[in-house]
Structure formats: C-alpha cells, structure tokens
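Think of it as A, B, C and D in the order they're written, each chain with its own count starting at 1.
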Amino acid sequence: MRRSDFDQLAEKLRNWGRWGAADQRGCLNHIGAETLKNAAAEVKDGKLFNLGLRFDRNGPQLGGGRFNPRVYVTDLFTPLNPAVPGVCYADDVIHMPLQSATQWDAFAHVHYDGQLYNGCSARECLTEKGAAKMGIEHLASPGILSRGLLLDIARLKGVDRLPLDYAITVDDLNAACARQGVKPAVGDILLVRTGHMQRFTVDGDRAAFMGLQPGLSPACAEWAHDHSLAAVAADNMAVEILDRESLASETPLAFHMLALRDMGLPLGEMFNLEALAADCAEDGRYTLMLSAPPLEVTNGFGSPVNPLALK
Amino acid sequence: MRRSDFDQLAEKLRNWGRWGAADQRGCLNHIGAETLKNAAAEVKDGKLFNLGLRFDRNGPQLGGGRFNPRVYVTDLFTPLNPAVPGVCYADDVIHMPLQSATQWDAFAHVHYDGQLYNGCSARECLTEKGAAKMGIEHLASPGILSRGLLLDIARLKGVDRLPLDYAITVDDLNAACARQGVKPAVGDILLVRTGHMQRFTVDGDRAAFMGLQPGLSPACAEWAHDHSLAAVAADNMAVEILDRESLASETPLAFHMLALRDMGLPLGEMFNLEALAADCAEDGRYTLMLSAPPLEVTNGFGSPVNPLALK
Amino acid sequence: MRRSDFDQLAEKLRNWGRWGAADQRGCLNHIGAETLKNAAAEVKDGKLFNLGLRFDRNGPQLGGGRFNPRVYVTDLFTPLNPAVPGVCYADDVIHMPLQSATQWDAFAHVHYDGQLYNGCSARECLTEKGAAKMGIEHLASPGILSRGLLLDIARLKGVDRLPLDYAITVDDLNAACARQGVKPAVGDILLVRTGHMQRFTVDGDRAAFMGLQPGLSPACAEWAHDHSLAAVAADNMAVEILDRESLASETPLAFHMLALRDMGLPLGEMFNLEALAADCAEDGRYTLMLSAPPLEVTNGFGSPVNPLALK
Amino acid sequence: MRRSDFDQLAEKLRNWGRWGAADQRGCLNHIGAETLKNAAAEVKDGKLFNLGLRFDRNGPQLGGGRFNPRVYVTDLFTPLNPAVPGVCYADDVIHMPLQSATQWDAFAHVHYDGQLYNGCSARECLTEKGAAKMGIEHLASPGILSRGLLLDIARLKGVDRLPLDYAITVDDLNAACARQGVKPAVGDILLVRTGHMQRFTVDGDRAAFMGLQPGLSPACAEWAHDHSLAAVAADNMAVEILDRESLASETPLAFHMLALRDMGLPLGEMFNLEALAADCAEDGRYTLMLSAPPLEVTNGFGSPVNPLALK
C-alpha cells in the first residue's frame, strides 16, 4: 500500500477523541447494554465452543523473538500440614510471551509516527515497564463480550484453506454476509475464518502457519468502521494478509496500524474457528455470543485468551 | 474435622465413575444445553462486570512459595520493516504462578491418600512435568460458562466483611437463598461473597488477605453436591475457611479435598465480587450468566482467569 | 555531595579515551601480564576461599524491583534411553535478576547526564534489549582476575560491623594499609570489609542488609584512581555508603557514578569477606589472588559471580 | 558397552565412602594445599584466557528441553532519586537452564539403579525442589580451582576437529601426554580438546554441535581414576562420545555415570579451548592454573561458569 493512500484511509477511519480524550477502549465502546442483550439472545441451542489453542511447548511459536509457553512445577506432593502425611498440593509457574498463542493485541502493541490510539505519545506511553497507557488492562475491564459474527471466507471460496497469498476483500466480506444470510450489527465482533489454522492444527507445520499467510486486506478496516464493529479476530496469526509485498512496503501491517492505532479496534489472533465454523455450516447460523476476556495484565501489550462461543 | 467424619462425608459425595472412568471434567458435566440456555436467559439488562484482580507486581501474593506476576518487555520501538522507520511494535513476556491471583484450581491441585479425582493415582498423574491427568486443560475445553448464583453472606450477616474466623454453614447458604429469593439450579456456579476481598482491595493488606480468613465450612460441600452445582468460587483466597484449627487438623483444607478430589468440583479463588454484589443488592437479582474460561494450559495445576458476569 | 564538587572530582578521575575510544574494559586495563604473575605469587599456603553468597530463595533481596533467584526442575528421573529404565538425568532452569546476590556491575548499570563510561550515549547504548555497549560481557572476557587487597575497615575500627551511617574515608584506607602492612599496587582489586554482611548472614536481617549501610565515601574513588586499582568490591550491597543524605542529594550513588561512569572501575557487591578476613587477621597477610569472572552474559547490566580468593 | 562390563568397571572406580559417608565433593577432595600452590606455580607468563561461551539467545541450545538464555530488562533510565533527573540505573533478569552453555554438572545430574554418588538414594535426594543432596552448591564452595592439564587430542591426530564418531581412548590420552611432554598430577583438572567446538563457533551449526559427537570413551574414566584427577572438562557438549551405539546401549552416557555417580568426578561441558590450545601449541606448555567456580546455586543440577585459564 502506498503511504499516501494509507494516510488518506487512516484519516477517514481515525476515532481519536470520539469517545473522549482519555478513552482507552476504542471500538469496545460500541458495545452497549442492548448489544449485550442481543448477544445473549443468540444463545438458542446451548452449544458451547472454545476457540483457543493450548498453551504449552508444542504451541505455534518458532522460538526466535517469541517462544512457546513453559510451565514449571514448583510444588508436588507438598503436605498441607507437615504433621499429616499424604494430604498434599501441587503448584506451578508459567513463563510465556503475552503474544504466544490465541490472544488479543492491546492498542499499545503497534504504532506509527510516534503516536498510539487516541493520539497518545509513543515516547511517553511505551516504556521498559510496559504500556503506561493503552495496555491490555483497559480491554480487560470489563472484558470483551458481545455478539460474534463468523464470516467463513474459506467456505465462501469453496476451499479448506485460503491460499497463502490471498487477501480478503470488502467484496468477500459482503459476499459472505449475503451467502450466510447475516448482517453485521453495531458492536459485533467479527470472526474471520481463513482456514489457515489447519496448517498448524492439522498439518503440524509451524513454519507455514507463522509465515506468509492469507488474511484481511487493509481496506477491510473501512468495512469494520462503517459497520461499527467492536473487534475483529481471525484464525491466522496476523488477522491481516502477510505477503512479501506488504511486509516490504511503506506500510507494513497496514491493517494492524489502522485497527489498533487509528480506530482503536482490538484484534484477536489465532482463534481456532474450525469446530465452530463446522457447526455454523450445519445449522446455518453464523451469529453467536462471544465471551473472550483478556487477562487484566497491567501495562501488558497483549493477553492470552480462551475465547468461548455460545450458540 | 475428625478424619473419620471427613471420610464418611467424602464417601457420600464422591463422584468417581459417575461420568465414566475416563472423566476429567467432574461437576462441569452438570452443565448441559439447557443450563447454557438458562444462563443466557439471565441476561436481562445488559450489565457486564469483570470479577478478576489485576495481574501485576501489586497482586495479593506475599512472595514466599507463590509470587506476583512479573511482565518483561522484550520489544519496544522495534520496526516492522527496518527500511521504514517509525512503524513499530512492542512485545512482552509474563512470568507468574498459575495460582497467583483470580484463578481456577485444576483437580490435580490437591489430593490425599495417593489418589486424585476419579481414582487417579497421584504417583502416576503428578510429575515434574505437571499433571499428566486432571490438568486445567480439561476444565478449559470447552471452558467454564453457566448460570452464576451469587450468595452474599456478608450482606446476610449485615457486615461488610465476615470476621476472620467465620465458617459459613449450610444454614447460612439456605438463609441467603431465602433472603435473596433464589434457588440453586442444576449446573449453577455458586459465587460466595464473604467481603474478605476488601481486606486486599480496600485496606491494601496483603498479609490479612492471604492469612486466616472466613469461608465455607466443609459441610457446604454436601450442599453443593445435593444441588448438583457445577463449580464454586469465592472472594477469598481459599474458598473455604482458613482457621488455625482446620489447618492443624487431620484434614487440612477439607473443603478443597472434598470438592477437587472427591466430587470433581472446580474451585475459583479470589473472585472480586464487590461491584457485582452491589448491583445485585440494588436490583434484587442474584442470578446471572458467568463466563470464566481458564486458559488451556496443558498439564497445569490451575489457571488465571478474568471472569465475566453478565446480567 | 554538591553537584559542583562532584563534577570537579569526576573530571579529575575521568578515564574516557585513556584506553582508546572503543575501550569497554576501563580499569581492568591496569591488569597486565606482570600483575597476573604477581597475583599468582601471592599463593603461598594453598588456602582457598569462596566469597559468594548462595543463589536461592533465601537470598538478600526484598522482592520489590529485584527478587531472589528461583530454580525450577524441568527433568527428574528422565530416562536417557527409554528402553533402559533407571538410567536417568535431571535438569533445571533458573530465573534471577543479574543483580540478585554476589555480583559485578557492568559499566552500563548506571549513568548520568546522558553518557556512560567512555562517553557512550545512553540513548544509543541502553535499550530494552540490554546494553548495546558497556555490557558485562566486556568485563567477562577474559574475566576478572588479579591480585586482591583486603582492607578490613571494621577491624581497623575495632568493631564487628561498622555503624550503619559510617562513611569510609581515604584516611581510613590509608590507616588500614599502614596497620595491615600493605601497599596497593597497580591493577589490584580492592576488597573492602565493613562487616555489614553479618547483618544478613548472622542476623538474617534482609531489610537491615539492603537498607541504609556503611561503605566508601565518594572521595575513595580518587584513592582508587591514584593507585590505579583495577576494580573495587565490598561486603555490603552498594560498595559505597548509603545514607539518607546522599540518597536525597543532587548526586545519589556518587561513588557508583564516579567508578562505573567516569573511571570505568568495575564494582563488586555483596562479596562475603568474613572467612577470608578472619584468615588474614590470623596470618597477617592481606594480599591474595582473586579470581572472580563474571558470566559472559551478552548485553547484561551485571552478572552473578562466585569469587575465589587463593592465598 | 555391555552392562556387565560396565558394572565391573564401575565397581573398580567407585569412590563411595572414600571421603566419608557425608562427602558431597568427590574427586575435588584430591585438591589439597599443595595442589593449589602447584596450580599457581604454573603461572609463568601472565597470560589469561576465558574458556566460556556467551550466554545469550544465540547459544548452542536447540530449544527443545533446554533453551538458550533470555535476558529481560527491568529498569532503564530509572532515576535513583526522582528529584534528580538524569542520574539513572538499569537492571535486568535472566531466565536460563542451568545446563545451557559452558557449565559444570552436579553429581545429582545423573544416576542409575536408584543411587547417586556416595550411595545417596535418588528417591530421597531428587525432588521437584531440586537436589536435596549432591547439588552444585557443594562443588561451588569453595569452588573449582586447580592445575589444569590440556590434552589436545585433535592436534595429536593432526586434525582441526575429531570426526563425529571418534571415541578417545586411554592410549590417546597417554600418547597426548607423551607428545606434549606432560604428566598428570594428583588433583589435576583434565581439559580435553576434540575440536568439536568449532562446529558451533566456526560453522555456526548448532545441530551438528549438539548431535552425535566425538569424546572420551568410558575407559577413560579409569585413567582419570588412576591419576587421581579432580575433574574433567571438554570442548564438546557431553565430554564423552555420543554415538548411536552408546545411546542405544544398555549403558547410555556411560562415562557420565561412571564419573558423576560412581567416582564423584565433576564434568565440565562446552569449554571453549580454541585460543588456549593455540597458545599451548605455540609455547609448548600445556599446564596452567584453572579457575572455574560454579555459582553456588542451592540444590542446582548444574551451573553456568566462565572458566579462566592462567599461564
């Protein structure tokens, strides 16, 4: 994407000041009481799905900058009362990147031109102690819960997985809505299925999963804006398309920048949508209640999450 | 509690084999499709509360065996494309006990007489690699979501916080139900408010919060059993009463043992119920939808959680 | 200390450029081949002492910014060949501040006025990835080994431990040399005994050990400079005096700043000199060979060390 | 190696009880005052070498069970006195396996038949809290310092690096002594150069370095025994030969077992001997003072080290 085109789009989508100069929740403000009630109204059959990957050494990370979680046992067969043998507890400790598997990005996770969402100064907000503003705790309280809208783009295209270089367009999103018979509502959380997750969960190919990948084109940010979505999550690593061209362009991770920095739109990554999508295809219902609260990690740049979908 | 009394009670409540010899989800099996629909039906006003503590250095841990979470920044102002200055991301890593703040216990967390829930051999299941069986991942998939029933025992007793040595009785639970006009239903998650949380959140007194504390008496396990509850959480550190007598007894943490080991009843600790309880007192509705999915940490003895209550 | 006095002293002691514009070893350059031979020549009786504290949970840290080391077992009874039971190994992992117990400070550990030792720009050298320059690896290769000169100031003053507010003066250093019959030589590593260590090792009083403490006055930096010392270590936490006045002054940790930033003089902290000092008092010999190599931690701000003294 | 042959050899070499039933230092007991004086007497030219690898993300570990060290910055530009801007410190934290790069094995690191060195019960000594006995702290106090004897087997064979399947024999050791004009003395630390280190430091090939590799044959343990060596270190990962045959045999890591478990002979791994060996070849002197103190990590199965050789 050309920087001039990007800047024009960014300006159009920018929500700075929209919810007050001190706002740190961005598009989550689209979720009002009515939205929450509508979300609950989607629960018709009592079917529950979790959309999270496991947190362990066999996770998707390749081990360079980010690594897979490590859990250490610190107590095992420790008696609660030394005088009573055989009554014991066990404890453990985890060491993990906040961005290691299924997770939400905080607004502070990316920026450009020295500013974060809502015009925060990157120099002031980003410190070696973490995100003094725009940290994940602001998305965690009261949490991320709303109506979820699954758009199954792989299914729309008649494939199990989109090709590695496929950039999802606004037309694709509209076509999926039409095909699925759904309409986005204010405050919806969009769940985008590319099928890319299978490269990890089925093929066991970490490098393929974490490498170049299909995903949303930058223009989809405008679609999210026009429909007043509260958040967007996908079943790939980056939500957006990762291709050689965009990474080498003047505007790398353009969708991330537009969403997190200009719009204040939370992004969910590595959501495993396979079982949910299969169910939606079967019953024809692509809307649901999504409960995906990040951990309230103070000043964190992200948080692991175990998202729940309830239909 | 005398060991012989304990054993008699344990035998009565024991659910081993009830959901099959391979079951690792225990009382969560009480949550069926109807339960989930009923949970959603509790959403009447669109009010959302998060019940989690923050995960940071100022958490409740005293720093002996368990410590408060530490977050380390690993990337800051790192350019996405070295050729494009000013377009940057930030990353971080967390190091924390899985039992550090608001959290669920896995069944593998405690045991006695060499056996875990469902008769698993402690020797075989508990290893320095974690819980080979009865780990938190089994409670995390598909997650913990059900109707929540708040019983505000502090309010029942007309105090902000129960005294440190107060053991909640079955009569208290029944009295609270009567006073609040609620009835427990199959699959409910019981939320017990003692007010003890205020000793940490209001007084800032970690030592008081983590020390001797009010909570459920062991007999309440039978109440949970009789009502087919799916899980129990409370606003103190241990769910149950911690007094000198019980810690020094033949049956330390008796409620934990009955719940986690005999019944397969998940326990949620350090749930912050203050705001929710205030709202319930105001509108008189003490039932809600509770979504509190543990992270799917393979072989983990517990998991941090950010529980959401939706009314 | 007044800032103007400090600046005058700093200018006098500043070694920037003395060993070349690219130098990152500072006063360790005083250690030449002759120094090393003289160090070995001090070995007359074959007596070996280690001057390190233990690295474990019972260390001196209070647990705020810095904490005591944690070691996690990752393998236990793991068979080397699954087909051969009973032939096993065990492994573990450590998590510790590089400044947790007995340790060396890297030059990058402190700075003022935007510059580190040898005029390095703090903005350029200090990043969230660590010390791009002046990291501990430069003191670790080839390591810190030289003649050690123990000055037992507590003994000089006839006390077990100097009072908490005692600032060691240049006169004290000279008096100790005279009393002990020693002369500092070029390249010596000065070991200063205050006795303060006993507040931790004997009294077990962490807070006293880590709080206000006796140590070198800033003027001692000039003594180190005049005698061309290679490094200075002490048995307290900060080498220098920590009193209310200096901490609240315009020039906090003045000795650190002069040593690490202006002189390039490595500082060793929490060296346990008790057994060595007792031996020196007995045999009257206060010079020895000191081998105290930091770990070669790339970009580290410090390193744990197990210093050896050989007489 | 056949188990029966192994057992015969093990019995011959076993030092259990030799230095008392409570001994936890094994062959380090060979280092007496005379040994230490002789070690110092080897210092003739004042040449200092460090034999350690760097501790950072680019270390030799492949990232499965063991991983390369990670260092996290926790303070950067933190003012010492908030009222005095610009006078700052920086701090960091390390997370690393105790066996990640250049390191010593504790006796507790391996065992067979349920017993460790000196007949300790593995069940009693090895816990999820670490090595209750035979931990690295016993080798760390007072530390490992003695005369070092470098045997350059690669040079003896006229190659830069021994072939991957080369098992060093007792004859090789004797031939190297003869060729180099040296004799092992009681309390010596043997440094074995295979050249294998180059596969990591020169080729940058981690997988080759950590895979099958040349090293000592089990019979060399008897040579170490007969010469009353205090410790053995080498420039490969395992000290001993790692070939398919031995790994699949009844006695995997036979040399480790004989050394650590039967003899109480500390093993040093991944010592970088390249520069030292080049110097020894040049001046013809293969004996030196070796100072290689492990960190005093309580209950640790090993320790990183920065070994110093002084000639």
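Following the convention adopted for this analysis, a contact is a pair of C-beta atoms (placed from the backbone, for glycine too) under 8 Å apart; a residue touches a chain by one contact, two chains touch by 3 or more.
All of these numbers come straight from a predicted model, not from anything done at the bench.
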{"item": "Superposing rotation of chain A relative to chain B, computed on C-alpha atoms, to nearest 5°", "value": "180"}
{"item": "Same vs different contact residues, chain C with chain D, by half of numbers used", "value": "same"}
{"item": "Comparison of B-D and A-D (more C-beta pairs in contact)", "value": "A-D"}
{"item": "Length of the line joining the C-alpha centres of chain C and chain D, rounded to whole Å", "value": "26"}
{"item": "Geometric centre distance via CA averages, chain D-chain B, whole Å", "value": "47"}
{"item": "For chain B, residues that touch 2 or more chains besides their own", "value": "70, 73-77, 93, 95, 127-128"}
{"item": "Chain C residues within the chain B interface of the complex", "value": "63, 67, 70, 73-77, 95, 127-128"}
{"item": "Chain A-touching residues of chain B, taken from the complex the two chains share", "value": "32-37, 39-41, 43-50, 52-56, 58, 65-66, 69, 71, 73-77, 80-81, 83-84, 86-99, 108-114, 122, 126-131, 137, 140-143, 145, 247-253, 257, 289, 291, 293-302, 304-308, 310"}
{"item": "Residue numbers on chain C that touch chain A, as the complex places them", "value": "70, 72-74, 93, 95, 128"}
